[in-house]
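Common to both upcoming complexes is chain A, partnered first by chain B, then by chain C.
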Partner chain A sequence: MTGKSPEKTPVSLVNFFVFNSEYGPREGEEEKKILYYYPPNTELDKKIKDVGLCEAIIKFTETFSDNPCEAMHAQKTRQVFHQPEKDFWMVLTVSIPSSEKEKDGQSYMEFHEDDVQDSVFDAVLKQAYRMFKLFMGSFQHILEKGTAQNLKQRLDHFFSRYLQTLKLNQSDILDVYCGIHFLPLDKNTYLKIQCLINLLEATFLQVKYTAFLYNDQLVWSGLEQDDMRYMYKYLTTSLFPAYMEQELQGGSPYSSSTNVTGGPSTSHYGKFVTGPPSLTEPQNFGKIPRIFVNTGRPDEECHLLVYRALSATVCMLIEGSFQIPFDFFKSLDSFLGPQLSSLASDIGEQYARRPPSTAEPLFKYVYFNYMNLAQKTTIHADSNKKTAGSVSVPPDIMRLIGDINADISRSSNDDNETIARTQTGDYWVVGKKSDQREFYVVINQKNANLIEINEEVKKLCTSHFSNIFFLD
Partner chain B sequence: MDGGGSDRSQTPSYDSDVPEPGAGGTVILAPTDSYADLTQGWQGSLHEIRRPRHSSGTISEITNRSKPELAGEKQEREKDGELKDKLNELQVTDDEDLSLTSSDETTASKEDEKEGGQTAAVSSGPSASGLTVIESDSEENVQTEAWRSQRKHIFVLSEAGKPIYSRYGKEDKLVTIMGVMQALVSFLQDGNDSLRCLVAGKHKFVFLNRENLNLVAVAKTEDSYHQLLFQLTYVYNQIISVLTYTQLNKIFKQRRNYDLRRLLTGSEKFIDNLLHLMDHEPSFLLGAVRCLPLPSSTRENIAQSIVQNANVKDLVFAILLANNQLITLVRMKKYFLHPSDLHLIINLVNASESFKAAESWTPICLPKFDASGFLHAYVSYLDPGCQTCLLLLTVDRDMFFTLSECRQKIVDRLNRYNCLTAITEALARTSYSISQVGIADLRHFMYKSKSTAQYTSPELDAPYTTKEEQERLFGLYLYLHHRIHSSARPLKILFHVGANETLLGWMTSGFELYTVFGPLVTKTQAITSINKLLKWIKREEDRLFILNAPTF
Partner chain C sequence: MAEADSKSAGVHYVQLSKHPIRFEPVSQLTNVFFDETNKQVFAVQSQGAMGVVVKGPDDKTNINFRMEDRGEVISIKFSYDMSVLAIQRSQKSVEFMNFTEHSDRVEYSQSCRGKTTNIIGFHWTALNEIVFVTDHGIEYYQVIPEKKTLKCLKNQSGQVNWFVWSPESAVMLLSSGPLGNIINPFHFKSGQLYKLPKFEVDLPVIPKPPKLVLHERDVTMAQIYGVLYICVLRHHTVAGKLTAEIVLYHLQRENPARRSCVLRLNMSGRFAVNLVDNIIIVHHQASKTSMLFDIKSGGESDGYVTFYDPLVPASPIRPFMIRAPSIPGQPGADGQKHELELYSPNWIVFQPNILIDAKLGYMWYLKLSLEPIVSLIDDKVKLIDFLLRRKDSKMVILKVCKQMMLPDSQASLPVIAQVFDLLNAGYREYLDKEIQAQVVVPSLGSILDHLVPYTGASESTQAMDNLRGRKAIIDQSDMYTHVLSVFGDSKNIHFKFIVATLVEYIRSLNQVFIPVQHYLYELVINTLVHHHCFYQLHQFLQYHVLSDSKPLACLLLSLESVYAPAHQLALDMLKRLNTANEEIIEVLLSKHQLLSALRFIRSVGVVDTVSARKFLEAAKQTGDSMLFYTVYKFFEQRNIRMRQVSKFAPGEHCEPYVKYFEGLFGADALMPSVPS
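Coming up: the complex of A and B.
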């Protein structure tokens, strides 16, 4: 719709900071408030000013509103605010895309404010906090065990890496949902998996929680939904891609597909993704991340041990206080290896039997279930890695979906339907929410009318979501 | 009733070769796009500055044409005379600084000075500590919970941060909070950026920077950012209409710290009234006016009465209004009235009780017409019930008696043809109810003809009879309008099923249609209904719209 300006600059990170006003209440102590600031090489004076402005904005909005400040819109920048824990504020600033325009023979910069949606960047910011919390625990937890200095170090350690991985220009409705792709399976296979996990947890008492994935899809999880949501995000966007890359490059000398080490064990495909790279080298424990979950109690620290055979992955959360002996890995390997390998090939077969999707359908859709966080999309070719160009509808249509989603979220009623026809480009976007499920259909069809579009969507509902009741 | 083919009634479609209902042969008002007013405002400051707002305006063009030799001189004299008193006051305060006048003003100016000092410090070199210092003061000044919980606050302040207007609460009690607003604005300006909006829960804080003035809206209504910005622009224009842009600029050039409230004394009520109207009347949102439904022959007769009896030199516009609706508008050839200027005129009449007492003569600046100078308006009600108001706008400041004579002749002719009675009857009937349209399940609608900038809408019937329900309905229209007119992602059709109603909005090149149905209407029914509705409007267009624009 703004097709005449192809040379738009992308949305980019301007700054990101964490502060607590209580830490430097007196004049001259402002520096103490700043717990983290990106980019790190910024002059102190500028950091102090930026934090000061946010403090002023937060106070000012409190004069009128009982709800905390969420966003600041300026001509060239957009700032989102999040107070994850009492008195701790996180602020993310992004640039507004701009393009060069000409008027009366003079060129000037046009800023596309509407390209940046609060709901999306609010989600990006909240996700940043949740990822920090997953790996470092809550701010409060860190302070209970250490000092503000420890907190600063951890913030720096985590965010200096994490911020590099943000793909702000590709952020969209999927960040708002932050959902999970589930793999539907037949009853038998599903029960087999459950059986394996029960046996695993009964045999190895240090394994507190388990999750089972096939490729990037979740099959089973014993974690609280919210813990799983962010761990899933980590696994699918960071751990798995890095592991696959390493495998592809043959980086690990032990990546032979069979593992016939420990005496009586049979041949299988299992190996540790986190943990010892080889079971023949007892001194190398590999890297095992520690994570914090809130399933049993708040800020419970665990080792995240990930084991994989073919495309099947078992994630085991092991009590943080447990010093894992090398034999533990060996026993796990001989317990899981054969069973997981055979399960993986079972699922693989079932997977292969599915009819390949027929000719490109007329429509694209994205679906989200608020109850179980299930998410599906045919708009994104690759929903997790978000490679550029994997989105099959124009950016403005993605943002229109974001608009309707924001309207629906604000609305007080649970059932909603919105059908929008764009002024240019013959696009129809249909948004529906019913019984905690929400979905959007994009149809690009010339000369279609409202009734025809409605029929198309009905057909889609019957063929893809037949078990879900949508109000007509 | 259903003349179209079956596929025609299935699809919202309107033949673009046929003019839309309400499109006249000649244009009466300058056509508008929604937010057209804003496009300059929000695209950045560059062409804002280059917009020719002053120099030889429309007024001097007209004056020049009628009195070629004396024109320039005459215009100068006219302007000077108009503002001489006010300017004198300015001069005095300039010489003796702020600390004169009566005792209660002295305290105010002390506060002002203190405030001026603070903001000056901030804007010269804003630092984080500067902001916090101001902030810490604000607690004392924050008003009661009743003040805080107002749905829509509007503030106007000078570039120096001096309070000029607040919709609720006394401005001088709000010195600190306005100082904070100014500090935020100038802080971002120093970073070569400009503050647009803050969001906190349901609250939006919208900032509009205009030359010399900053306007701020704090609202928890359904209004979108752009809609609030648009309302702030109206407030700005209202101030211009009292002072003229030239004058406003001159004042702040001479004295950056000037307390503009001195010049606006007595005109706060116009801003109050304007804000009240904008919260209820769709005309502002749509950039259109509503006409009093009248048989076309009656309307023609009224227009003729004016054309024949007010055809005097230098008369630019003759406007007849009743109950915020337009009865007729006669204009000088070549010159159009912009709907937003007409809205300010409607607001002027709506907010003034004094016009009911006697014929009046008042200067008014119409920012779209010519922001640099005043037109002079002869205002008088024509009927004893004070419902029908005649305005004659001229560039000649000495025409009161001539125009008073014109008025008498107009009234005589209107009476001869029973036109005033017809108007009174039309007003008593109330416009029309949705049941007269006769479409089941259609609860309410707004239809705007784009080319003539006029709209029609039925009376508010059940279920929209309480204040809360009416506010909710207006909120639905705000939502529909906002989504459809999104500047980056405009829509042609928007169909929305909510809890209590189903909404359907439809844009074409000729018209904008916003409809509200019961919640259970099907899409097919809704589309059949709007096709019927368009036919109904076409049939009634003679009565609902002014199709011919008479000129002098």
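Coming up: the complex of A and C.
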């Protein structure tokens, strides 16, 4: 399977649309159903046909199952369906990778259906909805405040850009998990962070929720898990990388150490990532995204103000109705700047003291806990896939992990174990599930047998999971 | 200042002891003396012929006797154990009288040396040791009551104007020089006389021609926080205004006493100094108020000397009711209660906390009440810091802390954090000392390097007193019972504040390595659960903010119905505890996770000891016959391994499950009893 077809086409986006069947029930009004369609320059007739076909499939499958239709497999495409809110459907269609083959002197296209996994693209689609919801609120919420036209505008506004950022070809098990990387930290430092956040929220009452991150790792979230999950995704895949790039290019003219208030130099490293780029230019408020969270009540609108010192980031969700005056930024800066800077260097020191990981281990793993969304991977050099080619195992191994995951998810057992070996025999993949935790190990040992692999994984579990209840 | 005055109006933090010691007032017939060493008042009537009434701090020190009138008594003092009485009737000698039960009470006398020498005064310095202070120096004697003689121990000559004696530290200051400002300190210890470096008290103005300007009344000695200070009252002119200050000289063994603190009085006139609970109380007669100074609270240092303002606005001593003495010719007024004239010119103060009105015949101990001070110190951190150094302040501290939690008087988080840190620093210090005290016999540094005072208490009891009595220790249960309990009682405290406060407290405890008690965790958990902040709780557990324990794990298990992940958290915690395998099995069985349970007992090696019945019952309850089969076969294997037969032992009470198995799968499915 591997290596034979180097010129395989990548998975690509064929189309993506959002519709509501209730919007144009009568013939001739089908256009009304379509709320968003990508690519936008598609002929209306095709749009209507595509939506109609999906509607038909959905309706048809309903007669067989209580569960709505999830995916449709075709030779050249794969279509996934998602009904995020009542009567609203989202559909994503991707192409199946293909390669040119020759048989009996005749060239033909071979389609690699196995390269596309339903679970992964289902996750990609759901994520698309959640990201929309994070920035725009739920469909229902938009309709409560406005018209279907508003909803269309918002969908267009959001997805026309969001779809550009999708890296369908790199989607894998991590998209299925959509987990959070937590920062391991000692209790006392953690308590200090806690106290700083409590103080922040007590001092600035407009700050409703706070999250604290160090680099791309989460330390504390005052938001509910589900809100945090997608905000984390946004922060680590979009906001932070963009900010870092800007920083690297020296795009930010303002540095806090060069005197913010005009008073005696209060040197600290704090800066607003969203919000005013400089505290000396009171007319420039910068860009502060508005997001919708569901922690306190559904679709609560907040300003997402992000402040960073060294590697520590504080995300403050500020009441949406609050018109932030410029002085607010100033007092936040003088409150957070020094304390966050010192905390960040404390954490940094703790990290520096840790022994660097020893030479390349024989195995690589992915770990995920459904209960707290904690995720860990040594397969991905960079868990947020900012850079291409950061995956250190062949794509078919990644797919194998995805398949085992899909199998385990379908199984009703809480505990599960699967051991698989690739056709070439270079790799072993072991998938384990204990209670709500999943663990995949990839071992590159050509001559090992099943018993040896089993022993290897057992050892691994005892050394890595001594602190948790993980049955092996 | 005006504002401060209004604030302290009606507030009385200094008060007189409720039960003063009464004695015969000074009159033509009665002379009254006070002995600072034994704290006894002597009312001598007709030079003793009509009787001497001695009143001391307790019944043992009260005594009445008569003695012959041999002239006017100048001074009279008992030895420490009251076995010898010393009476001074002239400037040349002191008479002694043995006072034990069978003694004949014959007086014997000791004259001072030299014809021109006059005795200024004398003091008992130890059990049978006495020192005469003369205008030519000091004479140190040992009294030998059996022989009715005195033996000279030491002499020290030099010109003396006046002297001050501190029985607590056994230190005597002699004033010399024409201005009186050259101070020679001496320390008395077990028959030895130690001369400490002399020093000069800095005078604001040097009169010409020179005359005595530093007087005995301006100088007192006080042991403050274990350090001996000489307090000198000093009047000087600042910007044309006469004002007074008290300068504290730190008395040292090797070096001349050093000017280390200045208490700014900002008034002038007559002052008197007392010391209560390490607080310097300065009484001002003209304004009829008293000021408090704490040399551990604030102060501005110029690098050498620290300057202090009164801790709180000056306030009068609390009014005191006395019965009027019967006045001849006015029989009706007899026994009538009326208010005592405070700050009367007849008042005399003695160290550390004694106040005497000889005209009225009253002796009081001064007391400090902490409650009124609470309202006068706004800065809670400063207040708690101050209270922590006071005796019997525990309840006051807890009350202040409680106030800080209540909505109307809620303190800010940084203040709460600092207060917690102060409380826990004291708590930690106490724990450390307690550990030390258990390990080695305490060898506490004495009051003044090697200047060990004469006290009845042994060093070790004193050390324990310092530990327990002096400093208030606020531990977790105190906080829980008296302060944090308000969170449960008061409905209108925002839960964010509650959680923030509890986290601050836990942080503070952790910072000084004090293990946090379970009930605090429970409070945090209950608060979070009550407000459905499960995810926050989850994160706390993830970072081990709440330490592992069986009770906590059980609490988590009980939360599973409202928050599913609590189950996983509980299991993880039980696993980490390493002593909770039983509990883990119970949890798994109750969740019908039979296979997990079997794998678990195998992984921890308890297969042979678990109860098969328990597993079979749980398996039966699932209604899953394949699962039951698996579990049954598992234990059949165990039976064979352990007893070479597949049957269960009668004691295991598994018969119903054997039947159930037969019912499901038939008897053939059972393993043959004897393996072939």
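Note that the second predicted complex is superposed on the first by the 460 of 472 C-alpha atoms of A that agree within 3 Å, B and C clash if a C-alpha of one lies under 4 Å from a C-alpha of the other, contacts with A are read in each partner's own complex, and residues count from 1 in each chain.
One rule holds in what follows: a residue touches a chain if its C-beta (ideal position, glycine included) is under 8 Å from a C-beta of that chain, and two chains touch if they have at least 3 such contacts.
Model, not experiment: these values are computed from the prediction.
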Practice prompt. State whether chain B and chain C clash or fit side by side on chain A once the two structures are superposed.
Written response: fit
Worksheet item: After lining up the shared chain so the two structures overlap, which partner does A:57 touch, if you call chain B first and chain C second: first, second, both or neither?
Response: first
Discussion item. For the overlaid complexes, name the partner, chain B or chain C, with more touching residues on chain A.
Written reply: B
Worksheet item: Once the shared chain is lined up, is A:220 touching chain B (first), chain C (second), both, or neither of them?
Response: second
Fill in: For chain A as apex, the angle formed with chain B and chain C - C-alpha centres, to the nearest 10 degrees
130
Worksheet item: Touching A:372, do we find chain B (first), chain C (second), both, or neither?
Response: second
Discussion item. Going by the contact rule set out at the top, does A:421 touch chain B (first), chain C (second), both, or neither?
Written reply: first
Discussion item. I'd like to know which partner A:66 touches here: chain B for first, chain C for second, both or neither.
Written reply: first
Worksheet item: For A:161, is the partner it touches chain B (first), chain C (second), both, or none of the two (neither)?
Response: neither
Practice prompt. Check the residue A:195 against both partner chains and state whether it touches chain B (first), chain C (second), both, or neither.
Written response: second
Item to complete: Tell me which partner A:435 touches in the superposition: chain B (first), chain C (second), both or neither.
Response: second
Discussion item. I want to verify one number: the closest Cα approach of chain B to chain C after the superposition, in Å.
Written reply: 6
Item to complete: Show which residues of chain A both chain B and chain C reach, each in its own complex.
Response: 413, 415, 471-472
Fill in: Complex contact set, residues of chain A against chain C
182, 185, 187-188, 190-192, 194-195, 198-199, 201-203, 220-225, 228, 369, 371-372, 374, 413-415, 434-437, 467-469, 471-472
Item to complete: Would you pull the chain A residues touching chain B in the complex into a rising list?
Response: 1-2, 27, 30, 48-49, 51-53, 55-57, 59-77, 103-104, 106, 108-115, 118, 396, 399-400, 403, 407, 411-413, 415-423, 449-451, 454, 471-472
Practice prompt. Using the touch definition up top, name the residues of chain C that touch chain A in the complex.
Written response: 412-414, 417, 496-497, 499-500, 503-504, 506-507, 510-511, 535-536, 538-539, 542-545, 564-565, 567-569, 571-572, 574-576, 584, 593, 595-596, 599-600, 603
Worksheet, complete the sentence: chain A partner, complex, touching residues on chain B are 10-13, 42-44, 46-47, 50, 126-129, 131-132, 135, 138, 142, 148, 153, 177, 180-181, 183-184, 187-188, 192-203, 205, 218, 220, 225, 479, 483, 486-499, 507, 522-524, 527
